[in-house]
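I am attaching a structure below and will ask some questions about it afterwards.
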Amino acid sequence: MRTIFFILRKEFKQIFRNPMMVKLIVALPIVQLIVLANAATMDLKNINLAIVDNDLSTISRQLVSKFEGSPFFTITYRDFSEKNAQESVALNQSDAILIIPTNFQKDLLKENTAKLQFSVNAINGMSAGIINYYMQSIIIDFNKKIIPEWKAPTSDMKKIKNISITYAHWFNKELIFNIFMVPGILAVLVTIMGMFLPGLNLVREKEIGTIEQINVTPIKKYQFILGKLLPFILIAFFELSLGLLVGVPLFNVPVIGSYFVLYSVAGIYLLAILGIGLLLSTFANTQQQLMFLSYFVLIIFILMSGIFTPTESMPKWGQMINYINPIYYFMKSLRMILLKGSGFSDILPQIYALSIYAVLSISLAVSRYKKTI
Amino acid sequence: MNRFKAFVRKEFYHIFRDKRTMLILFGMPVVQILLFGFVITTEIKDVEIAVWDKSKDEVTQNITNKLLGSGYFKLVKNIDNEQEIYEAFKKGEIKEALIFENNFSKNLNTKNNADIQIITDASDPNIANLIVSYTSAIVYSYTSELNANLKIPMQIKTESTMLYNSEMKSVFMFVPGTMAMILMLVSAMITSIAITREKELGTMEVLLVSPLKVSQIIIGKVAPYVVLSIINVITIIALAMSIFHMPIVGSLSLLIGVSILFIFMALALGILISTVTNDQQTAMMISMFALMLPTILLSGFIFPIENMPKILQWLTIIIPPKYYINAIKDIMLKGSDLSYIWKDVAVLLAMTLILIGLSIKKFKIRLE
Amino acid sequence: MEKVIIVKNLVKKFESFVANDNLTFDVFRGEIFGFLGANGAGKTTAMKILCGLSQPTSGELSVAGFDVYKQQDKIKANIGYMSQKFSLYEDLTVFENIQFYAGIYGLSNKEIDERALKLIEKLGMQAMRKKLVASLPLGWRQKLSFSIAIIHKPQIVFLDEPTGGVDPITRRQFWDLIYEAANDGITIFVTTHYMDEAEYCNRVSIMVDGRIEALDSPLNLKKQFNAENMNDVFIQLARKSKNKE
């Protein structure tokens, strides 16, 4: 026990003597939370619309003013040429075009039907889908409103069947994206601290040669590994706490679940990823190699974890890969605990997966570590 | 000149002999493109739902079938009280609960109106939003079918054209961003680490006392990375075209030209970082947080810049990948020529010149 | 005399390459044993086996009275080691390095403080006590490394080319430290490239191509090979090598 204490003291001194490290530990969670949580938003705040009104009728003008009145749309371009309007999309001046053809009103009144055209910049497919949906909804709404203004009710109109939809968003009434991102960022933060740094630290001793000196001392492998890992477990917990301390009030994250559950899951998760970090470090001889290796693994795991995008939409094989992605389980649990108040019984599958992971990765890492160093 | 050749050759050997690093450098773009193409998608599919059908009649059954038949939704369970919804949300079993009111079909026939209530798990607000719009669209099309035989005046029909990406594939948006990311990684991050590594190991001093000029040393050090970066650009474009059928509407030479400009910018950035650090760990941390994070988050790669708060939008002005992504997105998907993207190119050029000037100056100061 | 290292028929193979080919030798308590050989002759391999850093392929070995196969932990507690790679932490101070290594060898806090004080005094490093090792000149670091390698008073200390890259005056001072340790009863097992240093040893073994070709006191070796100094002895033996550079 005393031996571990000596290793711990040495590690802490080395960590805190590196000014870069200290800055990183404090600044990283704060900067990440502020920048990431604000930047990573899919909320469409404003859609720039180009309008080509070739009809210039009463109805077409009403329609245009309906778009003008919508909080989602800003009309940035008006022209009579469809080609020029497309040019404005090419120049990124507008995101979508509404084309009202000549005789729109006439057709609508005489033929009972008329056609409108939308063109949407679909390079960002998701935004395009939402823009299209917003435009459709406005038109449908507009359509309903103008019929009684122009036509007397017919018998058929009384027969129109309607299914009205009401909706309620639970756990996040106003669909605020920030509170979804905060747990995601915390998960990434804990991962970087837990997976990246201890491995790097270990390989550094290999690279500068001090590990040989350690190996001829009577220190047991497990004591050395424990001494290396413990500081980063503590730092990771510190990061998590700092992140919560800053992020929760800053973004008004409703903490519904219990901190006890949160920290317990984080503890299991840390063991799992520390094991992975250690395992990776046995494959590298230099810090450079380890950085690339960890970076590679981290990028894949983080992107697939569902931090930004739904994991359910992935193809089957993508979801299979996620079975071995620890960040996926942790990300999910963290969000469930914080935002929905899930307890131990709700996240049992995640806890089981992470526990198995922890046992496997640590035993694998220790056995490989013994052989290689 | 021979001296310089020998030096450049040595640099190439260094890099191309480290098999593990090589594998990662060449594997990275391939894996990332495949991930973004196949796995990371912002569309919804197979969203788990629960149905609380208080009426259990033909119409509610039809609507349910229509929803499930769309491929967007997957029925996980039938429920009959609100507590169950809450429990299922908490366990993460479902993302949406659909509630049909009592006497649904009867109400629709007698009162011409029936109610559906949607409850979403909005802890993921994006999905919640998409779920509501997809469900509404499907229900709306069902009602249109019901009313198909009725003569209703003044029907506005709409026709949507999706410009540049008719199938709304998300990979089209990710390809330019992935290119920027990989180039930043190879050209800036790795260059900075490689130079600091020589400093850490003390071999930089040996080079500096040799008769090579400082400019030759720098050029020699970065030359292999230029080659690597260009290979990566070509790999990404080839993959995007062959596997994801991404059209390159504009000129290929312009695309490569702009990419080379960006590579030079990134290299200058890498050299600059190496002049302000002495060890690899620091160089890596700076690269990660000053380069990679902004490249992913503030460049419009995944998240549209227009949606960000004003302060962050201003911050993106100094993020070089933003201009690069803008320019190549337009070249690839819109077929824009230089007259459309000259502004982005000009900013990039100015940034490159400033960074090269700055890094040479810093490098010299350190020598004195 | 009491034997502290006993090596019988040590063989170490790396796949088909034989690094140590049937080595047999003993080292006596309190002597300074020089372990010489050209680069690649197999010195470091043998030394690593004796320190418990690597396992032999076959042979009987005992170090400090313990079996190399079964009692590596006991061996480690009873030996010190100083590698040719610099092995102190540059981002810790002089005192912190002493404290750390003494601590992991299980010394009590009182012992640590006492020995650190004595060590610092002996090396004349009082002024540098709180300085980071990174700021020390190489000579100082080597002397500090050696002193730390014997801080736990081991039976044997292994030195792997301890004076590489050090100026002659510091080398002289370094050997004074070695003699002092030997006088205190610590057995010294040292590899070196400098033939003048070989003259300082009680006995010297010279390895060529994985085998021990000569083992005796410097005086006897010079007689045997009819040489003026150890350098000549070494060159005569090294010529036998099959893999000449």
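Every chain is named by a letter (A, B and C) in the order it is written, and numbering of its residues begins at 1.
As a working rule, contacts are C-beta pairs under 8 Å (C-beta built on N, C-alpha and C of every residue); 3 or more make two chains touch, one makes a residue touch a chain.
These numbers were taken from a predicted model, which means no experiment stands behind them.
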Which of the chain pairs holds the record for C-beta pairs in contact? A-B
Please name the chain that ends up farthest from chain B once chain centres are defined by their CA atoms averaged. C
Roughly how far is chain A from chain B, going centre to centre by Cα mean, in whole Å? 12
In whole angstrom, how far does the Cα centroid of chain B sit from the Cα centroid of chain C? 57
For chain A, which residues are shared contacts with two or more other chains? 18
Interfacial residue positions of chain A with respect to chain C in the complex: 2-3, 5-7, 9-10, 13-14, 17-18, 208-210, 212-220
Within their complex, chain B touches chain A through residues 18, 20-21, 24-25, 27-28, 31-32, 35-36, 38-48, 63, 86, 89-92, 95, 108, 112-130, 132-133, 135-137, 139-140, 142-143, 146-147, 150-170, 172-173, 185, 193-194, 197, 280-282, 284-285, 289, 293, 297-298, 302-304, 306-309, 312, 326, 329-330, 333-334, 336, 340
Within the complex, which stretch of chain C touches chain A? 51-53, 73, 76-77, 79-83, 85-92, 96, 99-101, 103-106, 158
The chain A residues in contact with chain B across the complex are 18, 20, 24, 28, 31-32, 35-36, 38-46, 86, 89-92, 108-109, 112-130, 132-133, 135-136, 139-140, 142-143, 146-147, 150-151, 154, 156-173, 175-177, 180, 200, 204, 283-284, 287-289, 291-293, 295-296, 299-300, 303-304, 308-310, 312-315, 318, 321, 332, 335-336, 339-343, 346-347
